[in-house]
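Got a structure for you, written out below as structure tokens; questions coming shortly.
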Amino acid sequence: MAAVTLTIGVDVGGTKVAGGVVDDTGTVLVQTRRDTPADDVGKTRDVITELVTELAAGHDIQAVGIGAAGWIDASRSTVLFAPNLAWRDEPLRAYVSAAVGLPVIVENDGNVAAWAEFRYGAARNADDSMVMFTIGTGVGGGIVLGGDLVRGANGIAAELGHMLTVPDGHQCGCGRLGCIEQYASGSALVRFARAAARQEPQRATALLELADGEAEAITGPMVTAAAKSGDPVSAEAFAQVGRWLGTSMADMAQMLDPQVLVVGGGVIDAGELLMGPTRRSYAESLAQRSRLPVAEIRPAELGNAAGVIGAADLARRI
Amino acid sequence: MAAVTLTIGVDVGGTKVAGGVVDDTGTVLVQTRRDTPADDVGKTRDVITELVTELAAGHDIQAVGIGAAGWIDASRSTVLFAPNLAWRDEPLRAYVSAAVGLPVIVENDGNVAAWAEFRYGAARNADDSMVMFTIGTGVGGGIVLGGDLVRGANGIAAELGHMLTVPDGHQCGCGRLGCIEQYASGSALVRFARAAARQEPQRATALLELADGEAEAITGPMVTAAAKSGDPVSAEAFAQVGRWLGTSMADMAQMLDPQVLVVGGGVIDAGELLMGPTRRSYAESLAQRSRLPVAEIRPAELGNAAGVIGAADLARRI
Amino acid sequence: MAAVTLTIGVDVGGTKVAGGVVDDTGTVLVQTRRDTPADDVGKTRDVITELVTELAAGHDIQAVGIGAAGWIDASRSTVLFAPNLAWRDEPLRAYVSAAVGLPVIVENDGNVAAWAEFRYGAARNADDSMVMFTIGTGVGGGIVLGGDLVRGANGIAAELGHMLTVPDGHQCGCGRLGCIEQYASGSALVRFARAAARQEPQRATALLELADGEAEAITGPMVTAAAKSGDPVSAEAFAQVGRWLGTSMADMAQMLDPQVLVVGGGVIDAGELLMGPTRRSYAESLAQRSRLPVAEIRPAELGNAAGVIGAADLARRI
Amino acid sequence: MAAVTLTIGVDVGGTKVAGGVVDDTGTVLVQTRRDTPADDVGKTRDVITELVTELAAGHDIQAVGIGAAGWIDASRSTVLFAPNLAWRDEPLRAYVSAAVGLPVIVENDGNVAAWAEFRYGAARNADDSMVMFTIGTGVGGGIVLGGDLVRGANGIAAELGHMLTVPDGHQCGCGRLGCIEQYASGSALVRFARAAARQEPQRATALLELADGEAEAITGPMVTAAAKSGDPVSAEAFAQVGRWLGTSMADMAQMLDPQVLVVGGGVIDAGELLMGPTRRSYAESLAQRSRLPVAEIRPAELGNAAGVIGAADLARRI
């Protein structure tokens, strides 16, 4: 009987590094996490290698996959730029591989999450294609076509957050006006909710109570909690996000015609408060295609574990 | 010595059906064309079979590829809907194959043109990926990733003309407001030029002279001719189209990161009058990526022949 | 006892010239109408003078007011440009005054209607200020401040239809993209309804039935009739118009803070189907002013008679 | 010989209270200024009365005018709301009048500045009408028609900063998306410049040098200084502001047709870098009116003194 081969997945976030040993059914057998020393390139590498070494002890590990926010080169070796970490042209693959004595690949976190959902999550019944939007502080994404991640000629495809949505619209941190990240992100959700709470405080009492009466103190989890308890202003903030998200997903359906569309990230905790408006906007945007089959939109299923599972599964395919 | 295998490509347009015998270097050996009896489903099929039969005489033909504007099903057999022809759920592949006794595939015209440029035209040096916008009356497109056309789960990917560009923008024939087809098409070029000629006739004298003084009589070729002769209003109409086109191509670069981006269609006869503003808008939209490599934008090289060449080459790969 | 002084009002439209004898309570004592010979400058003048002469017979007429679509000079003498008539720099006041032997003023039709509503219609309780949008094929308007019409330094104020509403939006006949006339006019209503009927015919059966199944045959009165009978697509077309109208009225409230805002034109036959969405959009746009008093929006009350009544009343004030 | 009557003007800003004795030619004879105790309602009133008492000593003062940012009621007595001060429904007129024993009026600062420019500044040759945009951190304004300020039915007209400019555009502090204040203000200028400096630092070296290399440290005066020294990114930030400003001024010309349009506020120190793009955008927006006379756009002439001069002149007209 052939032994089950195992891989390790590592998810490097701005505040935590999570890791796990994963088998070939996407099950996490062991996991652990540490704080990210985000400002220190050397220490971040060390935390990763320590964590991998610890996880590898006592398992027969085939390879290691590392997911991180940022631009990764086409050979999946070097982090070209990571917005939340100090890495600039960081040869992470070579460093970790030498340190732990295993094959390593590095992958963008949006791609990793999309791969996990494609293999073991919301799109596991799809065998060919899916597009996933991950809604966090910003907007990320991943694209699978022909059963593989679309990584692009330079390794930097699926940068979904910076597609133009409103010409001359809200200023994005990237310098442009009107990127989708300014309309369909967790930051946008909070911005919409704060603005409405300042504008119509009498309608936002439930939300403002959570924020001790200060519109500026409103956070994403408060908007979710208030929306679930019936606060109209919070529900409208989710509806605004959903409206823009549905429009962008319709663009994806028209461009790539995938089997499945997935929405992930913390905002999906709001359930139908987000998914309802998203699906309505999607359907309206595709009305001229109403005679044709089109991808269904599904919420992600793996939550935060997607980073570890996806990275581990990509490592299995080196 | 092995004989050269030949295929036939057919390009079914709203006014002409063109066909040719093509070898495995993309060279058209023989070609012919007929008028399209666009309102008559049966006659259009007959014209296609007659034309194929005529071309096949005296050649050893391996297969036939047919390109047509419209939605084609995923098995490349049936034209689901063709905006300029009477076809609705037309089983074109079965009909023509039975009539001519050869294997047949049917493909969307935007995909066909993109494939021709990928194999033998502007993107022939690319081996993996390209995205092409075809600017005619409307906006079409084709996407190649991993060396193959992206056809989508339902066969209807690469519907690039109906991506949202201006929320609440110009009304599109599809029913939505603000599709890219309303800003970066030949129709938009003419609309921009006519509006400017009505608004500032004294600046549009060269253009209006071509149209016998009637803004409503201005056509696309007139705008091209006037722009080339220095008419400022016509040049500005091309710059407007280029500005929107560049923005959409930047979205493609961020999403799919292809090796090459191609612009085709009659408007490219305007040369730098179109390509200059397109490239500037593309570069500005991607400024935040300025440290990374990014696809170059190239004009298509095969012109009208792309339809026949691409269809024939796709037939070779059945 | 002083005799009641009477004036004559003339409303020169693209298809009909209407006239009436009006007393100082805004009551029309006698009225008549003729076809407009729109292409013939001389005949249009003749029709006006014949109609005035006929109406004046047997009444003691003090003066004549003439309202017409177009730009009128600041002295209210000359029609600089009339979009629906052949007049260009037409000295209408001098001509008619000489022909009928009475003082004459010429005024823009939007101003005339606004004046009628201010004096005798929806804003008759206001003594100082009102702004009126007249929604016909296009969008016109009139502004009253300090108890007088705002005519502007050059006589051409209150050109409300061409304020920018959507940057890079729907192309306007004036040459710009995105004028309010493209979003809040009768033409826009029909355009929205036709697009929706093409896009989702199964939801527009009631509307399409009125148009014999042809989306292109849909007219404004059909949209009104279908909306009143519950057709959802027609109701949505009104809601779209109302949404944009409410936004522009909020801009007016913030800029001029008038006592009353009035909406006139054929579209108000739709009642709450238009006024409801207009008021909601207005309230949302002014939410940050929710602690302050703000003008109410009222439908016009005088209908087509506003042209004759307003022109006659303005003549009384020469 | 009649003695010259004098009035006092007070300009209450967020950081300074300025006051002056002004004669009937708009000349400031004496002036003084103090810090604003912005958080303390009582102390702010006291500073105003002390300053007026000091200025009044030794002059024959007829009345006092006070200008302040905020909403003032229609009787020009009460500050309903002041964004930068602690005043809420503050009966400022009654308080100061009782304290100094002189007639007092209170007026919005945008109105005050517009009135000063109309009487003694950029629009002094106009006798009837002008519209002024004041570009500070936000966007304010004032409207003169028929030789008088347009104050509105509720005293709150000329709230020019919150007219809708880009539907779904940049989030405004007022809660709406897309107010003109987000595109044509000093804050927008800085936002545009910071974004461009982050996006293309190599083109913004002159600007970044002034800010010690930190895009976030860029201020409005730095953008002005860098633009004047040839920094392209800074010049483009002014061009963006001017483009939006010109569009809004065209809307004003179409709506109110004033004799003169004026732009004031600190940004006009940039001279043609701002005024050039503003005038071009204005002309393009009005192209369909090109056969008609239209108001010229002029920079304000009185600078910071407009607050004192305008308030004093309005007091003269009590």
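In this document, chain identifiers A, B, C and D correspond to the written order of the chains, with residue numbering beginning at 1 in each.
Basically, a residue touches a chain if its C-beta (ideal position, glycine included) is under 8 Å from a C-beta of that chain, and two chains touch if they have at least 3 such contacts.
Being a predicted model, the structure only gives us computed values, none of them experimental.
Trainee: On the document's contact criterion, could you list the chains that touch chain A and likewise touch chain D?
Mentor: For chain A paired with chain D, the chains in contact with each are B, C, in label order.
Trainee: Taking a step as a move to a touching chain, how many steps at least join chain A to chain C?
Mentor: Minimum number of steps from chain A to chain C: 1.
Trainee: B-C versus C-D: which has more C-beta pairs touching?
Mentor: Answer by contact count: C-D.
Trainee: Provide the C-alpha centroid distance between chain C and chain D, rounded to the nearest whole angstrom.
Mentor: It comes to 35 Å between the two C-alpha centres.
Trainee: Suppose each chain is reduced to the average of its Cα coordinates; what separation in Å results between chain B and chain D?
Mentor: Computed value for the inter-centroid distance: 53 Å.
Trainee: Report the inter-chain centroid distance for chain B and chain C in whole angstrom, where each centroid is the mean of the CA atoms.
Mentor: 45
Trainee: Which residue numbers or ranges of chain B touch two or more of the other chains?
Mentor: Residues 166-168, 174-176, 199-200, 287-288 of chain B touch two or more partner chains.
Trainee: Treating touching as the only link between chains, describe the layout with one word: line, ring, star, complete or other.
Mentor: Basically all the chains touch each other, so complete.
Trainee: Which chain D residues qualify as touching chain C in the complex?
Mentor: 71, 80-81, 128-129, 143, 145-146, 148, 150-160, 162-167, 174-176, 247, 250-251, 254-259, 285, 287-289, 291-295
Trainee: Give the list of chain A residues in touch with chain D in this complex.
Mentor: 166, 168-178, 183, 191-192, 195-196, 198-200
Trainee: Which chain D residues qualify as touching chain B in the complex?
Mentor: So the residues of chain D in touch with chain B come to 167-168, 199-200, 287-288, 290.
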